[in-house]
Amino acid sequence: MKRPPWPEFLLLLALAGLVALSCSLGASHISPLRLFESPLARQIVIEIRLPRTVLALLVGASLGLSGAVLQALLRNPLADPGVLGISATSSLGAVLVFYFGFHFVVAGGIAGSLAAVLILILLAGRHAGTLTLLLAGVALSSFAVALTSLALNLAPSPLAAYEILFWLLGSVADRSWPQVAMVAPFILGGWAVLATTVRGLDALTLGEDVAHSLGVDLRRLRWAAVAGTALCVGGSVSAAGAIGFVGLVVPHMMRALVGHGSARLLPACALAGAVLLLAADIAVRLLPLGTDLKLGVTTALVGAPFFLAQILKMRERQ
Amino acid sequence: MKSRRAKFLAAALLLLLASAAAAEPRRIVSANLCADRLVAALADPDKVVSLSYHAADPALSTILERAARLPLNHGDAEEIAALHPDLVVFGQYTGGAAVNMLQGLGIPVHILPVPRDLAETRSAIRDLAARLGVPERGENLVREIDDGLARFSRDHKPANGRPRAIIYSAGGWTYGAHSIDDDILRKVGAVNISTLAGIDGIGNLSLEQMVALQPQLIVVETIGNQPSLETQLLQHPALLSGGAKRLDMPMRLWQCQDAALVEAARRISEALP
Amino acid sequence: MSRLQWDQVSLIKQGRSILDQVSMSVASGEMIGLVGPNGAGKTALLRLAVGLERPDQGRILLDGEPLNRLDARQRARRLAFLPQQAEAAWPISVEDAVGLGRLPHGDRNPEAVAEALAAVDMAEHGDRQLTRLSGGERALVLLARALAVRAGLLLLDEPTASLDPAHQLQVMEVLRRRAEAGDAVVVVLHDLALAARCCDRLLVLHQGRLAAEGSGAAILDDPLLRQVFRITVERGHVDGKPVFLPSSWVA
């Protein structure tokens, strides 16, 4: 039963449209159509709007992709970098590096991500049920948020304490090309590593023993998933803060449209994540609320009800 | 005879009371940065008992040596009351509950307002000087500021000939009409494009909006260089994309309404095209 | 020709001896029943062959080659394993589930999938979701997944557990047909009568050791049944074939 590729096609169309829209929107109301006549318009579109757009795509794709991989690896439909506390810990790492004067923020973000996954494995064990895993995620998340708040209060800059909303809810506003360039190699590297898990993840559907008997190296699979997630989520959080729910919602949506096969599902989730986050960023810019609404608010407004619906569905199944 | 002596005694008593009431404070506590600086400039040093802890902050203070020799307070009522002051100076927005508490204890409090233009600056200085019992020194300071600013005033050229300037601070904060910063920009002959953009008092402009207004000079307020997301905004490559010149203005030069403003005006004047 | 051989294999876990110098082998065209009471080590024996455990002593030979010299993919192509409790994490379709059996070969091969489904009589159910099937239907699909590997060597751990009699017989029939077609089949069973009827040879494991080996009729005598399985049975004949029923348990 082969499903035709119309979901991916539509997503690509949506992506192109949203990119164009994103480059046209801005507080100065300058149209990108003036790109060629006005150096000012060129500057604004290329230096201010475009890095923001590209970052939204990179982060959204990373979240969608890592959500799909985590759900398949942990065989748990509620897995997501946010729910499991990976994003929050990544934030903590980034904050510790950034505010205390070191420039390589992305190192902090990735270290935080990696630490989170290792701690989760330690807390929940390899054969953890849903409850244990989610509780471990809650514990990790709460702890990371508390430490982040403390770190921001202790930071040398007096402005730091007010910036916690960025780290907790995320934003791509006014991000510049140097910042995007700092994280892009790690994000792309993470994608490459996650791509190697495709075969193994499919085999895991029927359990670890069957997967092993089908020739899958489970340890290598787990490490690839861990490393790939750490790289792309860590990189994303370093530049845009912790944005939740994208990794939770996107795999469910795409599974219904393209099926469970990882070879098709993973790229589709990356694509859908990019589209979703860019749409959320555009929504943030269109809403006439004046001050900078954080990106994570819109994803939470969509994602949290979805999360609750999933829980209810699981209860019914029981 | 009796009535004349009585009148004389009454007059003497009144004079005594009046002079007691108008007596210069001898134990002055300042609990606000700008108040610190003005008090240090106006009052006799031996009458100043304590300054706020901001006076020791090199990013904000112009009176570091004074601060090194005095106990520093955090604006806490208990802490201040223990110093037995006869006058406490607070800022307009920084007093809080401490003001009421100290007044309740019978301790005189003077509130230093945040001026919205140079005229209010002058009256704030005069009022404080009067309260400190040194009105002549207040006048001297006002004259020093006015003379200093006048040196950098340019002739008011027609509006479209004046250079376009903006003050852009960490996080995109800027100052429009009815602010000291606006006054100074106008005095040195620039057009404050934040005012043109409709900002009144303190406001926020996104990077894109700021760039689109095409300033020729961007005055960036700096407050030390500890990293934060808001200061990171000021390093965005697009900031100077319109060909604007950047002037880094240390916060301490224009945080407060005292003689440091003259130095701020000088720097802006020199940086203007 | 011997497909799989356990050579003096021992396994110790947490200080307990699970298997003690067990030697056995299975050849092409043979169906072997591995029986024994709970905890005898039957599952462990299979897991060793799949590489899920490492023997503390002895070795395992797959087509004459030591198992630890083969890489995972080579082993996966030559040996199909059906563990005791396989569940599906996702509502995967029947066809996709069976298709997973082609992973070691890296191809989709719809013909192999169709053939496997046909062998278990589930050919028309390709589009249904695995999680919506009945227990019996699911067991058949999972068996088809193992068949799709076309390894020629099948190791099954209690494939008839919690199945109704019809599905139990159906599963055994499929395995019998595979053996007749030339596959080597090792199946762990609790149902002694079923094992005796369907398998060419029985291996009886008791406390990690091989207690008896031979055809069901020959070795399942009363003393063995009492000593190893702690039961007494009633015997009879149906269609000329011997049958027996457990009648009471012995302390």
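Each chain gets a letter, A, B and C, in the order it is written, and its residues are counted from 1.
Quick note on the criterion: a contact is a pair of C-beta atoms (placed from the backbone, for glycine too) under 8 Å apart; a residue touches a chain by one contact, two chains touch by 3 or more.
Worth saying up front: this structure is predicted, and the values here are computed from it rather than measured.
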Overall pattern in which the protein chains touch one another (line/ring/star/complete/other): line
Identity of the most central chain, Cα criterion: A
Chain A and chain B, separation of their C-alpha mean positions in angstrom: 46
Intercentroid distance (Cα basis), chain C paired with chain B, Å: 87
Set of chain A residues in contact with two or more other chains: none
Footprint of chain B on chain A - complex, ascending: 26-28, 30, 40, 43-44, 47-49, 98-99, 101, 155-160, 163, 166, 173-174, 176-178, 291
Complex contacts: residues of chain B adjacent to chain A: 170-171, 204-209, 211-212, 214, 223-224, 226-231, 233, 235-238, 241-242
Contact set on chain A toward chain C in their complex: 1, 72, 75-76, 199, 202-207, 209-210, 212-217, 255, 259-261
Chain A contact footprint on chain C (complex, rising order): 47, 50-52, 72-77, 79-83, 85-90, 92-93, 95-97, 100-101, 103-104, 126-127, 142, 145, 149
